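Same chain, two partners: chain A is paired with chain B first, then with chain C.
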Partner chain A sequence: MKKTLSLFTGLLLAGSSLLNAKDIELLNVSYDPTRELYVEYNRAFAKHWKEKTGDDVKVKQSHGGSGKQARSVIDGLQADVVTLALANDVSALHNKAKLIPEDWQKRLPQNSAPYTSTIVFLVRGGNPKNIKDWDDLVRPGVSVITPNPKTSGGAQWNYLAAWEFARQKYGSDAKAKEFVAKLYKNVPVLDSGARGSTTTFVQRGVGDVFISWENEAFLAQREFGKGKFEIVIPSISILAEPTVSVVDKVVDKKGTREVATAYLEYLYSDEGQDIAGKIFYRPTNPKFVKKYETQFPKLNLFTIDEKFGGWTKAAKDHFADGGTFDQIYVK
Partner chain B sequence: MGLLKKKTVLPGFGLSLGFTLFYLSLIVLIPLSAVFLRTTELSWDEFIAAVFSPRALASYRISFLASLTAALVNAFFGLILAWVLVRYPFPGKRVVDALVDLPFALPTAVAGITLTALFSANGWFGEWLEGTLGLKIAYAEPGIVVALTFIGLPFVVRTLQPVIEELEPELEEASAILGASRWQTLRKIVFPQLVPALLTGFALAFARALGEYGSVVFISGNMPLRTEITPLLIVTKLLQYDYAGATAVASAMLAASFVLLLLINLLQRWSRRYQNAN
Partner chain C sequence: MKSFSQKTKLTLLLASAAALSPLAAAEENTAELREQIQQLDQKLRILERNLELKEEAAQKASAESSKKLPNFSIGSKGISLASPDKAYSAKIGALVQADGRFYLDDGADNRNTFILRRVRTPFSGTVAKIFNFNITPEFAQADATSTNNNTQLVDAWIDGRFSKAFGLKVGKFASPVALETPNNRHFIEATYTNQLAPNRDIGVEAFGSVADNLLAYRLGVFNGAPNNTWSGTRNGTDGDFTVGGRLTLNPFEKNDNALAGLSLSVGGSYGNEAGATSAIRSPGQQNIVGSLTADGHHLRVAPALEWYTGPFSLVAELAYDQQEIAGGNTVGNLGWRVSGGWVLTGENSSKGGVSPAKPFSWENGTWGAFELVARVSGLDIDNDAFTTHGGSLNPATNADGAFSYGAGLNWYLNDNLQVRFDVEKTNFSGGSGSQLLAENELYAFTRVQLKF
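Entry: the complex of A and B
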């Protein structure tokens, strides 16, 4: 009897010590150009979480076009957190499948956008086509690379930035549409995601200018050396706010709400902000804004809420079936 | 009824027919009917609008034309390849034979990326084709045909090989002895026996090409109205959460493919008329 009891306690102890150092696995479903950011950040967070709780946390990453990723989650991909290119794709999780509450964007600071970015141009070394601003992209003979805005979050930012430039310069939405139509006449390839477009431009050598995420442009430049590619900063661009959210339905089922929430909150910590700055995302914490000030060029940035009345409206006006993007292709 | 009652030597006709129908329903019919069911969310007008939108029409054109071209190319070169592989011994034959299956095994995305790297303006082939001859392959219509030809090749070769093996050389010898020229022998003796299998291979390659997505999206450039294939249009619609629109286009494509395959099947039957004469 005594023997079985001690055996039992032993088992219990072994069991509880196993419970104490849990192995947690999270899935972070993200968009295309965040690979490098989250590789580094996941390592930092795992260390932080181990120190804080003693648990080992392993974060798996999934990357792809932002819209495609959102759809995978809606269709049942068990993502604990989503870190997508734009608020509209995260909202789809609520609108289409009620995976998250409607007010998800209010749950974290800065409208759930821990880091921001913008849209710049990447051109070939020496800038042979002499590209300086948005209106150079519609010149005949300039070939422009940008992904398909129907499937890529980054491409929607590109599209809206070009639109707003033309609206300010030429004065009306009708003129802006004409401008964007001309720009897309110069696009020879529409990849489904930003990373695909980077490959097309960088590896395949297609196109004179690549409308790119700022961080992606810096990464390409760092990887291939300054001589091969140059970054061109347009006079005006859009403040892109990639947003993050815990997927409530999934974390409640898996019991990972606490760690998943901490994972996202840690993006706002000093370490998280520092990593974001290092991987060329613009930090939001003023301390780190200052630290990385010299790294990012200064340009006139506008937000989608100011100029397009928020994502829901912008998506409906421009990217839904029959929206302006369809109109410029189908006359 | 008389057809069902026909006596055969082997037992179990009822059971196996039942199983066949059940299995086909489970694997093919139920998933496919789900496609059609989903389209019922649309009104008739919406359905027509989705199926006959200019973008959808352009995508059917490019999908069917490119698949047809690729299947024809495969039928011609696949026939030669199969003939050589069966009839002539040469060193390294087994390796070549195994290579034919590679497009089956290779993930289509890998094929797409590799072909794009080769045929883009800075690739091995593309440099020469585009730079010297001015032929644009990658990111244009020919790129789609190249990808579809690649993935369809094994279908023709593998359907023809066993038939060529079964051909009796005696028939060719007899034809030659009776005074036929080599061309006549080929045209009147060999070719008619190969036609049914060739048609099967052609139909398989064609059907496979119609549904291909993975390799084409890398090489085609995906431009609406020009190089956007129907499967890509369907995926694009899915990504916009337009499930009903996607299934509408899919069902149109499915119906068209079914009719085409049925026609090819009938053609095949007709081409077999000699064999079944006795």
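Entry: the complex of A and C
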């Protein structure tokens, strides 16, 4: 009997080591305009991982307004990684559900922001409303498209960029609040995410100007041709730093920590940075910053940390319940 | 050329201005109208988009709420209930086989009968996505010849499917040695190859497939059920385990040609056995070779070929069964069969059966699918099993070989209901002292089967 059992155990062990190649599935919960980026990146990473380990990895994508996506993960969506529009949405995973450690942003280079972007204006061909800067967005009769900052990370960048412009030009937070209130009076449709706003402006033909992620504006222009839409660079804008993190509680439960971490680290590789540049995100690796420097306009950019004391404070002051957005936006 | 006075010029200018002013006003009105139309167009677009967003939000909310509800379904695959994420599910099915058995030879009397061959209500499901279970009670007779109506357990197993390449199964389930269980594909009853392999066994088995299902395997340790039986509740009198398994090669599965449905496999087992061996039955389910006393090594090898292409199917199988018996002899018996089918109505044939393109409907005048089947099979009993060579079988009352050939018609009314009709003749060699064996065997079996 002992012989029989040891024969079986031996066969089992030999068999299982031979048959060890795995099929892995990851879920990347991201924000709205990263669809094209991660379609291409996932393909590249799967090839890289197969070559490195022999394992097949399939990455499922989920997209929506960044804040909404963070809430879904907090509510139980089994995301292995999050790649959200702003650090505050990722921090919510720690603050509200302890899904990641507090110092999550220190785990990857550049504060876990492998690529950056900014906010520009997309206007209709010929710029019929003569939009040149933030001031033009509060003129009567100018219809502005931007998503809801309560649900969209991109919209929060838009909001803060407009705020900072007005604060610098008119000298106070009170004036900035007044300015932003006027701007939102010109917003006829409030989509929940940036991709929805793109649909509103580009496909449904609503509005004169779309406050857009830079990559989203370039993609719209590439898809529909330069004659149909024009990009207007405002005098001041914000350096948007979308951030990424492994969701520790999920990867430890699913046993996918190694591959999920590698997935995010590969965003900093030459291939990951090149793909980001091709899809109109600004790479952070100097080699690819140089490669794509002519693609992106030069802008006067500020950061959240410099002007708003970091995301935690900015979110509390402006987007939390009772914050400035709730005060100025009356439906 | 005539020249105009200043007064005349002024008069002409005033007259022209008077004539043009309505035109200028009209242009202004047109521009205003255009502006108004543009504004109205924008308002309409805004209203439409806001409505669209509201509808999207309502649809999303409805989809979200339905995601939280368990899925209940009832259909051709049974009654099932699944959690919204499908990680948990439970299903109740049913299998009823009502047979009519008619013997057309002059063998033993009183053999014609109606029987409930199988009455099962499999309860199966999934736990935490990767673990599955099956509990199947049998309410019909213990086997084809039994009059015992006690309920028994056919299947009771749990498996974990950790990857395509590796899973583990524990409990009582179909043995990997034989190609198919008695619930076989072409004929109502299995033939000699299944007589030389266990039916169900209790144990633990690793299973999986590699290289995109090019090679599938099953390998396990079992109590060691005797041939053509279900393992009991505990290990047999020998206390030894049996290692068994099956390797299946699907060399052309990914091809889009006639060979795609071809598979080659070999099953086998090895262990020690003691105690009574099972009697061997004819395709007509009559005992033709009696029991021996096993005492020592037991080896089984069963290679097979299966080929399903379009409406055609072909299965060939060989089973070699070698057992040391009391007295020191080693008995090696051989069984084989080749069976085939042709779906007359043109549907594809598969391991799972035939799904009719036009299910039976009296109202629509459709009849389902019909399949013609045929089988030849044989059995050779080792001389060492008989008293003339040191064994314990009486050559006068036990067959030393058999050859069977027959044909049948399977009628698939729909995915759940079948009617089958088989006629098969068996010629026995040896055992001339037995009326049954002397007369050979000719039967006509029918079956009505409900399965979901």
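Keep in mind that, in the parts below, the second predicted complex is superposed on the first by the 311 of 331 C-alpha atoms of A that agree within 3 Å, B and C clash if a C-alpha of one lies under 4 Å from a C-alpha of the other, contacts with A are read in each partner's own complex, and residues count from 1 in each chain.
We adopt the following convention: a contact is a pair of C-beta atoms (placed from the backbone, for glycine too) under 8 Å apart; a residue touches a chain by one contact, two chains touch by 3 or more.
Just so we're clear, the structure is a prediction, and the values are computed from it rather than from any experiment.
In the superposed model, A:46 lies in contact with neither chain B nor chain C. Of the two partner chains placed by the overlay, only chain B lies in contact with A:320; chain C stays clear of it. In the superposition on chain A, no contact is made by A:29 with either chain B or chain C.
By the touch criterion defined above, A:68 lies against chain B but remains apart from chain C after alignment on the C-alpha atoms of chain A.
Contact with chain B, but none with chain C, is seen for A:148 once the two complexes are overlaid on the shared chain. Of the two partner chains, chain B is the only one that A:96 touches; chain C does not reach it.
In the superposition on chain A, contact is made by A:329 with chain B only, not with chain C.
In the superposition on chain A, contact is made by A:189 with both chain B and chain C. When the two complexes are laid over each other on chain A, chain A has residues 188-189, 191-192, 196, 204-206 in contact with both chain B and chain C.
For chain B in complex with chain A, the residues that touch the partner chain are 53-55, 116-117, 120-123, 138-139, 217-218, 221-225, 235-242, 245. By the touch criterion given at the top, residues 1, 4-5, 7-8, 11-12, 15-16, 18-23, 143, 188-189, 191-192, 196, 200, 204-207 of chain A touch chain C in their complex. Of all residues in chain C, only 42, 45-46, 48-50, 52-53, 57, 163-166, 206, 208, 210, 217, 219-221, 239-243, 271 touch chain A in the complex they form. For chain A in complex with chain B, the touching residues are 65, 67-68, 71, 74, 92, 96, 148, 150-151, 187-192, 196, 203-206, 319-321, 326, 329-330.
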